[in-house]
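Shared between the two complexes below is chain A, which has chain B as its partner in the first and chain C in the second.
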Partner chain A sequence: MSHFKQFTRLIEDYPQFFNGDRKAAEIESFSQSLLADDDGFIRRFGSAVAEMMKPDYGVNVNGVTSPLMPAAAIRRNIPDFAPITITCVNDTYHIPHLSTDQRVKCAVYDADNFPFPINAYHTPSHFNRIFANKILHISIDGGNNDETAIQINNILAAAVDLAAFRRVFVEIGGGANLELILNDSSDSTPHNYFASQFVEIFLNEGASLNLYDITDTSDTTSRLNEMKIKMKRNCRLNIFSLSASAGKSVNIYDIDFESDNSEATINGFVVGDGNQRIGNATFVNHLSRHGKSNQNFKYVLDDASHGTFYGEIFVWEVARFTEAYQSNRNILASPDARISTEPQLLIYNDDVKCSHGATTGQLDAAALFYMRQRGIPEAVARTMLTQAFVGDVIDAIPLLPLRDRMRMLVEKRLYKRSSRPCDNCRMACDTINRDSKE
Partner chain B sequence: MDKEILLDVKGLRASVAGKEILKGIDLTIRKGEVHAIMGPNGSGKSTLSAVLTGNPAFTVDAGSATFNGKNLLEMAPENRAHEGLFLSFQYPVEIPGVSMTNFMRAALNEKRKYLGQEPISASDFLKLMRQKRAVVDLDNKLASRSVNEGFSGGEKKRNEIFQMAMLEPSLAILDETDSGLDIDALRIVAEGVNKLKTDDNATIVITHYQRLLDYIRPDYVHILYKGRIVETGGPQLALVLEEKGYDEIKRKYDNNAAE
Partner chain C sequence: MSNPDNNIDANSKILDDVTAADYKYGFTTDIDTDVIPRGLNEDVVRLISAKKNEPEWLLDFRLKAYRHWLTLKQPKWAHINIPDIDFQAISYYAAPVKKDGPKSLDEVDPQILATFNRLGIPLEEQKVLSGMAVDAVMDSVSVKTTHRERLAELGVIFCSISEAVKDYPDLVRRYLGSVVSYRDNFYAALNSAVFSDGSFVYIPKGVRCPMELSTYFRINAQGTGQFERTLIVADDDSYVSYLEGCTAPMRDENQLHAAIVEIIVEDRAEVKYSTVQNWWAGDAEGNGGVYNLVTKRGLCRGESSKLSWTQVETGSAITWKYPSCILAGDNSVGEFYSVAVTRNYQQADTGTKMIHIGRNSRSTIVSKGISAGHSENSYRGLVKIAAKADNCRNHTQCDSLLLSSTCGAHTFPVMQIDNPSAVVEHEATTSKISEDQIFYCNQRGIPDEEAVGLIVNGYAKEVMNKLPMEFAVEAQRLLQITLEGSVG
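After this line comes the complex of A and B, so read on.
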């Protein structure tokens, strides 16, 4: 446990911040979760987390607000898509003014006055709870299935090394549909940033959520992100997770099927290069009947990047007629890249259909040579083959402007490595050109 | 007067997985010529095409190859292609998820970039695709699918010649392009190759059968055996082989062809 000195050092550094019974209890439960490691989080991601905690981050203990920088927010707009936009600069949420009759309500609470329980599940949410001063609360009224779209732009921008703690609570009313985009970015300074985020989402009966969790930060940014999603009857959940760029990043997706007949799909895509450490852990808990879950994670790792995937499916005894699938396919594009993949199926009844599979390989050498023989340079050929590899993940994105946006982000990310700048490219992706002209 | 030399190969030796396959190849090809290379299975015909096009699976151990006056063996495969070298693969590769259109556009634009030209416009590109598809009667549906994915054996070979038509190489190596083609397709593909023939380009036709050479008339026929070109002659050499098989060649060269 010694390498977790750094993890707990932040707590020791700011004793004035931890007066009061609530804090004492939270610190205690965090230490418990570190020591017990019931979910294996520390065992699997501990070394990445220890790396994350090495820099000497400052913590905003005095609750200083970070001002909104409109330019930074506008740059992240998606063409043909006009969501309610919330911008979080470091740990300050800037919410738009919404008329009171709207079905959507956004508010920022002090953690001390939050009217709902402040839960924690895995080690990252325990850690987050200790430091998060503010909680963003979003609720969507039920009884109407109009679409609501909300985009949260998480921006890290500071003049020092900084740790930011973000906490979001979302409640989706019965039958309501929400598109929720979380877009993480960092400024281009060489500062070390650490972002801790915990998002807790409740779907009431018949609600549906398309959740886009996009990480497009910098090599000096570390992220520890946990999402807990609870679904009642007849809910539909669709998660698209893109780890396009981050020095060190771990996402946890923990989903409870609390009542019958709900469906969840998680499509995840990771691009790693340099010395990046990128991990995803899923906990899909089937606690009710007729639930369907489908996980599809793809990693493309280059240079000396390391990826980790832990995929847990837990089917309880009551959860009869469950269908749960999981697939993890990886490409190691360089001899120094590494992936560790661990599926975990815990099934406690017989009436289930479950499967999982993991494959790891290189880009097809025969295809690569065929393309080069036709004159396509190696770097471009690699990019095209990689794009082909993740095509199905992107095609699964339901909303067209977002699908285009994701394809563009992935292409931009992949072409970053090849010698071909977008300006000279006439491939069928005008979104790239549109974006670069902005 | 002799035409200009396009490709000049001298003493080329190459190996794969530590095993020597090509044991000293000499071959000179001039503009406007058609060379046929024949020889028993496993003699090294495809290896020669792979080495000339720069397949990284093969190692060059000795010798030289000059193409357009440039050292071919030092060039990256993509640059050999830009210089005008094209291989119609014996086994074309399926590339799921990469559309024929994107593939051809990337190939064409990279070549144009190499030659200092602007990328082709979308409408010119589509026009060119349509025009070149007609050369080998390639189904429009195939052009909209992923590269070679689910193509029949014959469709793959047609697709190779379609790509050749798009890229207009100065030297095309056709490695058993006739295999897998039905009688009509063989004629269509061979006529396609002939349409692309000019006084300034050249073709190497690797085949086992005379019937292809009935359509694509070779100026020279070479017999490759155990990594060496053991005989070179005119078109009549293929006819002799067709009649007598390789027995005589094998008898003659097995004795003095030291391993």
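After this line comes the complex of A and C, so read on.
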């Protein structure tokens, strides 16, 4: 329990907020999952979690509502893109008014009144379940192929060190298409923030989902995120895990192929510098036939940043005709950067095509030399090559406005490090400049 | 798995008969017994040491290991289903009945020779034709050593470890436990406490060992664990190729084998360690079979040193084995080539660790897993690049071939890279033999089973090529025999 000590102490010190049978069961299952560590979460990410837990966070046990911050919310909108925008300030969800006949239903429930079972899978979701008192419920009716786009802006803003707990439950009806953007950002402040997030998504037959999980926070922000996605027959799922800037961040993506003939891809990149700790874990469970999965993760780590990747493909005995691929490529750009990668395959069936690959290396010295010969300063050349390295993940983003934005975000972030002056830059950084005054 | 209790009942009678005589005199003093009573305690450790006339320091080493072992638990992290072993139900020492030392082959027990022949290891032929020095280990104690004189001329020491303790105590004391400490893991601690015998090799500076050194291990007496300990030291600029072949006859009881192999490679020296392991894997229902729980590790201490592991694993009910290289010297090279075949209910969790500490060190890992029946075959590997190890290079390739829909093939690689100049690559594929390949062979009149043998041998060729010639032929035959009847 030592990793979550300050929170377990909170439970002991303020039992009035954690009474009732449900809480007791949740606290018990959390300590069980920590103790057993069946999925190796603590073994792999324990040190990152320990770093996250260093500041003494305040927890909103009284359910105080954080007001909507319109300016901050608008600044996070993506140009040329008009989704249904839900803003979450700390742990308060602000939902726009939706007309009743719309196929999209959003509601916030108290955890006590939530009509669906409140599941938990890995340690972060067990942890989240104890403290998350509000659940955002999104459901998309099935029946036609209209596209729906929903953007959830998660904003952390408080005058104290704060821990926020968010929980999202999404149901996508048969045949519906959803673009779901989770945009995590925080202003750079001297305060430490910790966000625990658990997103559970159910795809009904023939549904398709593009999920964008964007982390663009500050060095003082920590994030423990778990996403569980269950797919029925003929589903299509694309996950983009885009960590442009994250203090300490651990993401778990757990996908179940519950029925035949579904496809999933997970594309991710991590750009780390400073003292950042960024971990990603994927669990792809092929429980049925004709499933296809493809994972592609890229890390660029600079300064003293540490990256961890754990990728698991589990093919069950019944999951015949499965195709599962995984690739993890990393660049270490500084002597103090560290990467630990574990691409794992567990296969219990012979009619499969599975492969994984992992590489760690540097930028191509020949390419660098070629560029410098042509008068490009080394720092800029490095940035350009790095940009190209993560470029294929960004290029895979089907949503054009978002693709442009991500490209800009990464460019801005990389060029900030290089000697190239911002003055001559023609990029519209203003719209995304999170350092600017409110 | 068979119920060990039944075996204990069945065997306790036999063992009681054998050990009854011992109790008459009290077993702590009777050094001539062939099998000491089952169970493990400090007295047993002292008894083993006394039987082998060991010096004080070695007894201390054993006792320290034993006391450390008591604090450990049987590890559970591997992807194998290993029953709890009752370590008190095992006899920790067995020696063949001692006769006057054989001067020639005629004097060797003809029964032992017959067994070797049945296993396809014609000792006399090898002695004459292949020029190999064979240090055959029958249940822990050396029975026969050849070519000793010729090696002695070059200053090469190749003898059993108990002889080495007597004749070269300084060397053994200096290196024993220096690579695999008794604190290393559960089985290493157990082995350090009760190790029975094994081989000791020392290649002096600048000597290129003129022949392949080889040891044949065999498990003989029933109900005894075998705890081999091999120690190879290659001094500066030397070279040695060491072959280890393991075969065990059919039997009904699970047997524990917890060996340690330690290799020290000094400046510019090279060691090649090849293994063909074909111990009894249990019957088709998964009853019996050998538990092969081995700690193998080499320390490339010297600059430009090289260590190469090659293994062909076809036997054992449970294999838990990670031949590793610690690449401490600058420019040192580590290699690992492995073919692991599992069928029926065999379980294998095998792989390697490459720990790069020296600058410019390089390592290559090629692992080929073949699973059939209801078996589980896992590759588990670690590549670690230390912060100060500049310009290291690793390439890992691990492929799995699946021959049935009920078997499992898994890969668990871990890469920890703490230095930005490292280039580390890992690739893994899992597939089955395609119907097109079989059809192509069928068209040309090759029946299914032969076709599979052909394809599998082609698949494993990359590793087989690394084996010494004599071994490669044997290993190829072994692959074919192993896969007989396992194609569905």
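One rule holds for everything that comes next: the second predicted complex is superposed on the first by the 411 of 438 C-alpha atoms of A that agree within 3 Å, B and C clash if a C-alpha of one lies under 4 Å from a C-alpha of the other, contacts with A are read in each partner's own complex, and residues count from 1 in each chain.
Simple rule for what comes next: a contact is a pair of C-beta atoms (placed from the backbone, for glycine too) under 8 Å apart; a residue touches a chain by one contact, two chains touch by 3 or more.
On a predicted model such as this, the values are computed, not experimentally measured, just so you know.
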**Study point:** Side-by-side fit of chain B and chain C on chain A, or clash
**Key:** fit
Check your understanding: Touching A:Gln102 in the superposition: chain B (first), chain C (second), both, neither?
Key -> neither
Study note, to complete from the structure: Three-chain overlay: angle at chain A's Cα centre between chain B and chain C, nearest 10 degrees, stands at 80
Review point. Is A:Asn144 touching the first partner chain B, the second partner chain C, both, or neither of them?
Key: neither
Review point. For A:Arg320, is the partner it touches chain B (first), chain C (second), both, or none of the two (neither)?
Key: second
Practice item. Return the chain, chain B or chain C, that is in touch with more residues of chain A. Key: C
Check your understanding: Which of the two partners, first being chain B and second being chain C, lies in contact with A:Ile347: first, second, both, or neither?
Key -> second
**Study point:** Touching partner for A:Gln373 - first (chain B), second (chain C), both, neither
**Key:** first
Exercise for review: If you've got the overlay open, could you tell me the nearest Cα approach between chain B and chain C in whole angstrom?
Suggested key: 13
Exercise for review: Go through chain A and flag every residue that touches chain B in one model and chain C in the other.
Suggested key: none
Check your understanding: What residues on chain C touch chain A, complex-wise?
Key -> 79, 387, 400, 402-432
Practice item. Using the touch definition up top, name the residues of chain A that touch chain C in the complex. Key: 317, 320, 330, 332-335, 337-362
Point to revise | Complex contact set, residues of chain B against chain A | key: 53-57, 76-78, 80-82, 86-87, 89, 92-98, 101-103, 105-111, 113-114, 119-122, 146-147, 163, 167
Revision key, fill the gap. Touching chain B in the complex, chain A uses residues 364-367, 369-378, 380, 384-385, 387-389, 391, 424, 426-428
